Amino acid sequence: MKKPLLEVRDLVMHFQVGSGSVHAVDGVSFDLQRGETMGVVGESGSGKTSLGYAMLRLLPANGRILQGSIIFDGIDLVPLAEEDLRGLRWKRFAMIFQNAMSALNPVFRVGDQIVDAIRHHTGVTRSAARERAGALFELVGLSRARLRGYPHEFSGGMKQRAMIALALSCGPDLVVADEPTTALDVVAQGQVLRQIKQLQQELQLAMIFVSHDISVVAEICRNVAVMYAGEFVEYGPTEQLLTDPRHPYTMALLRSFPSVRGPLKTLLSVPGSPPDLVRPPSGCRFHPRCPFAQQICRDVSPGPTPTFDGGWARCHFTNEIRAQGRDAIEVLEKVQ
Amino acid sequence: MSVPLIVTEEAAAARLNDEHVAAMEGLRRARAVGVRAFIARFLAQPFAVAGLVLLGFVTAASVFAPLIAPYDPFALNPPLQQPSSTHWLGTDPLGRDVLSQIIWGGRVSLAFAFGAAALSLAVGVVMGAIPGYLGGIVDDVFSRFLETFLVIPRLFLIILIVALLGSNLLFVIVVMGLTMWPQNAKIMRAQVLSIKKRGYVQAAIAAGVSPLPIIFRHVIPNGLAPVIANSTLQMAYAVLTEAGLSFLGLGDPNVTSWGQILNAGQSYVRSAPWIVISPGLAIMTLLLGLHLVGDGVTRVLNPRLSLGRE
Amino acid sequence: MRRYALRRVVQIVPVMLFIAVVNFLLIHLAPGDPAAALAGEGAPQEFIEALRVDYGLDKPVLQQLGTYLATLLQGDLGYSFAYRRPVVEVIVERLPATALLVFASQIPAIVLGTLLGAYSARHYPSKIDNAVTAVSLSLYAVPIFWSGLLLILVFAVWLRWLPASGMFSLTAPSEGVGRFLDIARHMALPTTALFLYSLPTYVRLTRASVIEIMREDFITTARAIGYSENVVFFRHALRNALLPAVTVAGLSLSFVFAGALLTETVFGWPGMGRLMYEGVLKRDYPVLMGVFLVTSALVLIVGILTDLIYAALDPRVSYE
């Protein structure tokens, strides 16, 4: 068993907000190998974006990692001092931000922003850095002439690609992509996704792809984790998880995404609203919205029950629900 | 199984990087909750409350002037008396009691603050909303006019008007209101431009409701917030300008105002400094109160920081 | 760029037109004889009659307006009986003194204000930041004519360090370093008053701007790239946050002129502001109208310059 590039153990991250603290990430553990792709899906408010930021220790002023470890290539990032962290940032791991619209500095040329990043981490000359920036642009499908442009002169899709180029500029081993296509129109979305997939394969990047859209994740990620209320509730190989979900939340999520390809299914949305993260529900956090919930679900938080091929689901009744098969789906449909 | 709605829709639909912080922000911001929440949030800020106290103090003193002031502000006592037990703040070159003048002077300042700002608010809101809503040529022409007006140095214009047409109190209040409304109009217009695209407005238009009711019932109430915040600044401006006018000798001679006290006392800075010190403190108190309240209002309506003048 | 500048300059015309019409209306709305108003108080009857003919005040109103505008276009702002000189001359004579005060007070106010505001924002939230906010809020509430009087009280009356009014002392040398120092001594207090008047605007503006910019996404990107906090703040944030200050600096000229008016009155400083005050005392309407027109024109011109500078600094602004 190779040593994983990234080992996250029992990560807990909270935000201090006014009255209390928001339990954004509440005990997440996973491994990521070099060149492996992992998706993190969930609704708004599940904590998936916070998880992405926590990976790079890019926390806002009121965020705190309370416990856990993030071991990147043997180094635990959690206790690391800022100066050491800065040396690692972008060079070893980078991020593709959700808001390409506003993630680039409006008063600097796009090319210069990439060149600056490159020169910050390597000592190369300006022209060498510019050459590399040009190569990166070509890699993401942008013309070199655009290097001299300002962010406001780029379209949404172009900006996103520039962000990808920026993320790759220092040759990181790990890239966290935070909803990189959410703000784009459908056509641009497809293009950018294909680009990302191609780059990931070419450069053998390890990738954590965060999204609320399972179909997007399905395109790129080999494994996927489903996140709810700060925890991973299910994890497994994407293909199998999509066809054979083992957690009620995953089941409901899958049915709420219209797929142009598949047969016309009943569109279910997940009833209820996202949980209060300041005072999360007791026991299994999904129990208030779960049609299969029993007393034990209210009292005891379920541990991971192995499902298939290294996957698991946090549910007391995952096997029972699966055994019910079609009936389970009907129950879900009736809840509407 | 139904779940009680714990988090507002705004919180659930967060598009920001950080859904959680946004969720909490959304909770706090929930403007739809109304006046009571506004007041509660306003009163939670110590500085805003302090401002309210200062304002209340000045207002109370002005309202109860006939009862509180020890002398008639126009009565002539021995001139240039130092502060003493008979005249707590001394007397001015004509012998008028300074303390009484200050107490009565508050009325003029408040009259300007409320009068001019109210007029500016009323005219500005309507004049900003209608062209903004109608769009087209009307809006183009109007915006030109607004920009023109906003460039002109207001103090100079007011001085010119008052010098030529008289310094009657009511007249000057109206003049001031009429020079201040373009600022409100500009803010309101900006608001209207985005409000008219909102769902409920579009729905009303589709339903065939005519423009005027839409403007007054839907558009204006939703755009008032920044205008109201700006109004406190305008009140401060009105007080300051009135004081400046009186200081220059353009005040209404039939009333007492703080600026007039300073006007009378400026030649006697050497011999009678007390005449000059106290009116300024009074102006400062009122202005500070207005600014603090204005800041507090802005902070409630917009969690971000409030800006200053202009 | 040139076309944009030209267009803006052309836009001055309707504004000046508007002001001229306002002037005209006011003269005619004023109680009494417009010719007497135009002549100013204390003018002899022959002068008033001559004015009536000159301005065609016995002709129909629209024709009068035309005549008035024509004279304005020729640069004739009227004749001041009180000064016995053309208004233009008097204004031009007084302009440098005001310009001196304005530059001497605004440049430090802008520089120090933005530095202080940025510093305060960097340490937000903290006691230092609260202190800066409290002080600038207090300064906002200080009427400038009052602070002027207080400065006189403290520095001229009690401490006797600086003169209370005027621009020169009669006993001082009339050229060279001696004169320069003399003017500087007289300038100190009024400049300070104007400085304190303008300072809080820039402090609060920069502070708010920096705080807001620091929340922007591109700041997170900069941090993610691994730049130090100093680089993030000075290079990435400030470059964006200082832009509004440019706009405000341009817009605030009319406020500065208002402040200058009051300051020059308090300190007897012989500038355009004090000229306005003297015009009020003497009811010299041509002077009042003339100063009003000139200050408006100056505000407009500075506004255009500021816009051009801003357009050069912010790449998002195109010249369309």
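We call the chains A, B and C, going by the order they appear; numbering starts again at 1 in every chain.
Operating definition for what follows: a residue touches a chain if its C-beta (ideal position, glycine included) is under 8 Å from a C-beta of that chain, and two chains touch if they have at least 3 such contacts.
Every value quoted in this text rests on a predicted model; they were computed, and no experiment measured them.
Farthest from chain A in terms of Cα centroid separation is C. Taking the mean of each chain's C-alpha atoms as its centre, the chain lying closest to the overall protein C-alpha centroid is B.
Inter-chain centre distance (chain A to chain B, centres taken as mean C-alpha positions): 49 Å.
One finds 55 Å separating the Cα centroids of chain A and chain C. With centres set at the average Cα position, the gap from chain B to chain C is 23 Å. Across the assembly, chain B contributes residues 17 that each touch 2 or more other chains.
Shared interface positions of chain C, i.e. residues touching 2 or more other chains, are given as 217, 220. Residue positions of chain A touching 2 or more other chains, listed in rising order: 97, 99. Those residues of chain C that touch chain A in the complex are listed here as 216-218, 220-228, 236, 239-240, 243, 314-316.
Those residues of chain B whose C-beta lies close enough to touch chain C in the complex are 17, 144, 148, 151-157, 159-161, 163-166, 236, 240, 243-244, 247-250, 259, 262, 266, 269-270, 273, 276-277, 279-280, 283-284, 287-288, 291-292, 295, 304-310. Contacts from chain C toward chain B in the complex involve residues 14-15, 18-19, 22-23, 26-27, 29-31, 37, 136-138, 140-143, 145-147, 149-150, 152-153, 157, 164, 200-201, 204-205, 207-208, 211-212, 217, 220, 248, 251-252, 254-255, 257-258, 261-262, 265-266, 276-277, 279-281, 283, 285, 288-289, 291-292, 295-296, 299-300, 303.
On the chain A side of its complex with chain C, the touching residues are 56, 58, 85-91, 94-95, 97, 99, 101-108, 117, 120-121, 150, 152, 166.
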